[in-house]
Amino acid sequence: MRVGVLTGGGDCPGLNAVIRAVVRKGVAEYGFEFVGFLDGWKGPLENLTTPLGVDQVRGILPRGGTILKSSRTNPFKIDGGVERIKDNLAANGVDALVAIGGEDTLGVAARLHAEHGVQVVGVPKTIDNDLGATDVTFGFDTAVSIATEAIDRLHSTAESHDRVMVCEVMGRHTGWIALQSGLAGGADVVLIPEQPLSVERCCELIGRRHARGKDFSIVVVSEGWPLTFDEETTGEVVGSADTDAFGHVRLGGIGERLGGEIERHTGFETRVTVLGHIQRGGSPTAHDRVLATRFGVVADRLLTEGGWGRMAALRGGAFTDVPMADAVAELKSVPAELYAEASGFFG
Amino acid sequence: MRVGVLTGGGDCPGLNAVIRAVVRKGVAEYGFEFVGFLDGWKGPLENLTTPLGVDQVRGILPRGGTILKSSRTNPFKIDGGVERIKDNLAANGVDALVAIGGEDTLGVAARLHAEHGVQVVGVPKTIDNDLGATDVTFGFDTAVSIATEAIDRLHSTAESHDRVMVCEVMGRHTGWIALQSGLAGGADVVLIPEQPLSVERCCELIGRRHARGKDFSIVVVSEGWPLTFDEETTGEVVGSADTDAFGHVRLGGIGERLGGEIERHTGFETRVTVLGHIQRGGSPTAHDRVLATRFGVVADRLLTEGGWGRMAALRGGAFTDVPMADAVAELKSVPAELYAEASGFFG
Amino acid sequence: MRVGVLTGGGDCPGLNAVIRAVVRKGVAEYGFEFVGFLDGWKGPLENLTTPLGVDQVRGILPRGGTILKSSRTNPFKIDGGVERIKDNLAANGVDALVAIGGEDTLGVAARLHAEHGVQVVGVPKTIDNDLGATDVTFGFDTAVSIATEAIDRLHSTAESHDRVMVCEVMGRHTGWIALQSGLAGGADVVLIPEQPLSVERCCELIGRRHARGKDFSIVVVSEGWPLTFDEETTGEVVGSADTDAFGHVRLGGIGERLGGEIERHTGFETRVTVLGHIQRGGSPTAHDRVLATRFGVVADRLLTEGGWGRMAALRGGAFTDVPMADAVAELKSVPAELYAEASGFFG
Amino acid sequence: MRVGVLTGGGDCPGLNAVIRAVVRKGVAEYGFEFVGFLDGWKGPLENLTTPLGVDQVRGILPRGGTILKSSRTNPFKIDGGVERIKDNLAANGVDALVAIGGEDTLGVAARLHAEHGVQVVGVPKTIDNDLGATDVTFGFDTAVSIATEAIDRLHSTAESHDRVMVCEVMGRHTGWIALQSGLAGGADVVLIPEQPLSVERCCELIGRRHARGKDFSIVVVSEGWPLTFDEETTGEVVGSADTDAFGHVRLGGIGERLGGEIERHTGFETRVTVLGHIQRGGSPTAHDRVLATRFGVVADRLLTEGGWGRMAALRGGAFTDVPMADAVAELKSVPAELYAEASGFFG
């Protein structure tokens, strides 16, 4: 069997580890041949290929990024896109595809399989941990680790200098990174999209700490937290979903704006850190390397079994597979009870 | 309710995070009072106590070690030990105990409950990941991370200088740390107690790499791997369980001896790293801090429910509780299939 | 001799290491007694003291922040401030002071000595490396390390996803952190206050890389870089010195604004990271711990010699002392030749 | 000018950064062409070459190891070795060489220049910081950082569990790594070759801590510390310079043996960590990357000036050059006064 591999969407530590696992095990155990498609779906669309064998995956396990590069190209939005993909797969003698990516990438894969019979299996990827179909996936642990290390550092400077420190972390639709890093770092207030405390409530929590004699606070905020005010105060609800000239959501904005509001409301000196893409770059944690490798093993199994339209998943602590359509169906939010339990440790 | 807390056995990153969680949630949510017993079971035995409230647990979340210190004291091996413990608990007005520890510490707790009616709940602890009653516990991820970082570093020097690098990691009875860090670090040979490859087989694997043109190898070995030789060669099987004058197993020995054998058998320059206690010291990973906090939450719930003789556990990805006796009953070994699957990525 | 110690100004990894060194050596070798003044100059002003002996400095060597806390209080701006300080020193039986801080803190110390005869020695502190009187001081290496690690992470994500990554680092008046971390991290464009390339020039450098087939760029920018445009294009020069309602310069602004301009000028997707205070919090590097300790040794020597009005310094690789007034006199800028030499490695 | 580059001797973080700097600046500024010789002096001896241009050095700045690989081959010990080198240089059209290495590699370079007129410049390399001709060189800061991080981790476990922790670090002839990491990590006893305290003295220092109520100790020992006993006790002096079957000094031995002696003398449970080659592998610190880059700049300057027989050096904080013969002439030991000053902070 000749297998194409591609990675789509945003960066996520562990992508290379998946590629390596798929290729190493596929070659050694099942005798597959592999070809890499570059730049996500743009690869099979424009026939951008690269050799992909055991030699190409050597040494990439600890590396961030993806040797196959990525893009957000969607062939269904391009006239004749699907046909070009099918032609290019045929031209390269490719029998099956492994698509590694998030909601969008796997959404394309699911439709290519369901509507056009393309033989494709998937590996789910999300830094934000917001795919309902799997307990967790690679990259999330790395992001949480980096955010926690930043919160640790902010603690020492906050404690010594009586300040409010705002740390903006990733999470457009869900607050998983904020919640876990806030819990691991001992944050005092954690603001997430699913449980959007208002600015006033945030400042009240800071004020209570102050009243208890603690003159510093660490606030962790998801980039997707809506800057919310209590209705009776201003009636204003400013969404964070400002988009820039290129149509993508602006990073960094919410942290800065929140910091300004905290200073205005509390009078406490406030400083802002915006972690941005350092959360999704660089070497994956050991945890994520193992997870990514195991997901790759499942993908190879799906290839041998003809599990087209399915993707690797971790459910109840066990590696298994589920329909790719599931990955797209359902956003996994932070449950209210979990946020409530965690809140007992904030402040 | 007045609750005593103690930590027993070897160090494990996350102990402080458990103590903090138990105390913070216990005070805020359930109105418990706490008292710390120092030095494991020696604390209630010799009435070594320390104040333990919200102030005492401030700032300890990211810290390694345990503010309650530890020991390997076993009250059942001391004449009148159990009575002294019961007297001291009574003298301190302690209604219930939280025992945080491994097989030995929880074994004592289980017997104190079963045989003497002491109201005790447990939190399992093992750096080695060898407790059958829980999927995983805190400290293991930190140990694997540290070992993986070491293997990463050894890679660059091995690659540049044509060497065999031996890295001895923890794991007296099980190979979990070796397996996971070997997988995460891209090791070439992984030697564990459960699947004890012989020295000759290890050297054969190194030789094969050499034959394929790769002139370096990374060998990860559990401290508990028995230095085994093929019968037909020497008939010699040297156990690693040498004990020193104080009756504890000698660390470090197996790595050095293996390195010597590899040089002798292959003629390749071999260097040895013995990670020792750096694997169980220092700040826990974000993953372990969250895990430890969640285990603390379960312990508090057990206290409120009167779940005496039970301990926190993670089963199938969910936090739950199990009888403490289970922790002692069963050693969780690396399954043969998992080792076989992982071996596909070694070499 | 009874000696007061205080730390003033912003946080800087290594402050605790200085305090520890001054106290440990002072007690053991010279028989000094110490008292800690809290919150910088506010301590002697308002008689905020804390015990400071060998016990208090135990375990603080690797810790960020300062156990003596800090402030930006300036007694010369307070009516009767100097007299209150002198009274409080006398009331505490303090013969001499060790002032650890930057330009402002040491400026106060220098005047207290010169104009009011207070027996004070200094230890210079600047995360920005901008004190002319010393080759380097503690904290800078830590800040550069943290910024470099961030740039490393941005590299992998930039390479895989064809982006411009902007990383805003500290440095209000000088570009040392940007220059060193840019050099260590392999940045493509480095924008510093002393050599303010325009936005257009920055975009031209990015464009050239693109023309050479490299579709990602890392831009490191000092927070103090003035957002400059070529006159003929817009005539606009927007300073970064916006101040907020509390009179301090706004962090984070310049990175975000630069990112927006790069997107506007080049059309490349641009992402922004604002490291903020994580650069000055947390555990100091080994290098900074040793440096801080050695500066503490010099401070003790100055105390024994009556070197009032002088401070520790590193000159030409040797530990020595200089008048504190020197620390204030001269800002150490990045020399044009050094920037030019480094620029050979950017892009 | 066509320039050959080679790296010799043991691994050292920063080698790739030097190669990159020499090539990037050499190509861009001086129009040099480069060729890489593989495996140290074995490369020009056996004509092992590799292309070396701007493309080959891309992305290597943060990487440990050396893309040119290394060896300890000495052409002066091989019949006709020098002639073969001269022939191969001529055959490759190589006008000049950059030799990056330690005492041995530079010793060969110095003789090739002095005795055979080979046009060679050098860049000094030593993880141990023991070259007299330069204040410091790259790799040392990385080694000290890694050792300090290990000592930090040992602290938390030692404190919690009443133990003696022995940490063996690199340093065959000098104690620089032990001294600096011991100072940065807050070690209690530091044993170095230059100031060889006896086992009994070491145990006495541990005992004194115990008498002061501290029940743990961290002992840092250079691999080259001679296991020394007080004459009156045993008369025994066991050197650490045991060599194995391949003639190289055995790593790891001294730490294990010291640990055993401490247990025997004090009765305290003792644990041993042998850092080994993790100290010289992996990514260099920011500090070492900058240092390595600057050394590369000096090497290029020497090439343009015809500074044959000279090498880059850092003297009194300034980058300069010195005769290569100096690197070989003089071993830089830890001065007695520096050890004495540092000892004030141990224990």
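The first chain written gets the first letter, and so on, giving A, B, C and D; residue counts start at 1 in each chain.
Operating definition for what follows: a contact is a pair of C-beta atoms (placed from the backbone, for glycine too) under 8 Å apart; a residue touches a chain by one contact, two chains touch by 3 or more.
Keep in mind that what you see is a predicted model, and the values were worked out from it rather than measured.
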{"item": "Intersection of contact partners for subunit C and subunit D", "value": "none"}
{"item": "Remotest chain, subunit A as reference, centres from CA atoms", "value": "D"}
{"item": "Whole-Å separation of chain centres (CA-atom averages), subunit A against subunit B", "value": "31"}
{"item": "Intercentroid distance (Cα basis), subunit D paired with subunit A, Å", "value": "41"}
{"item": "Multi-partner residues of subunit D (at least 2 other chains)", "value": "149, 152, 155, 283"}
{"item": "Chain contact topology (line, ring, star, complete or other)", "value": "ring"}
{"item": "Touching residues (chain side subunit A, partner subunit B) in the complex", "value": "21, 24-25, 28-29, 59, 61-62, 135, 141, 144-145, 147-149, 152, 155, 180-181, 183-186, 283, 285-287, 289-290, 293, 297, 315-318, 341, 344-345"}
{"item": "Complex contact set, residues of subunit B against subunit D", "value": "10-11, 15, 63-66, 69-71, 146, 149-150, 152-163, 165, 244-246, 248, 251-253, 255-256, 259-260, 263-264, 267, 269, 271-278, 280-283"}
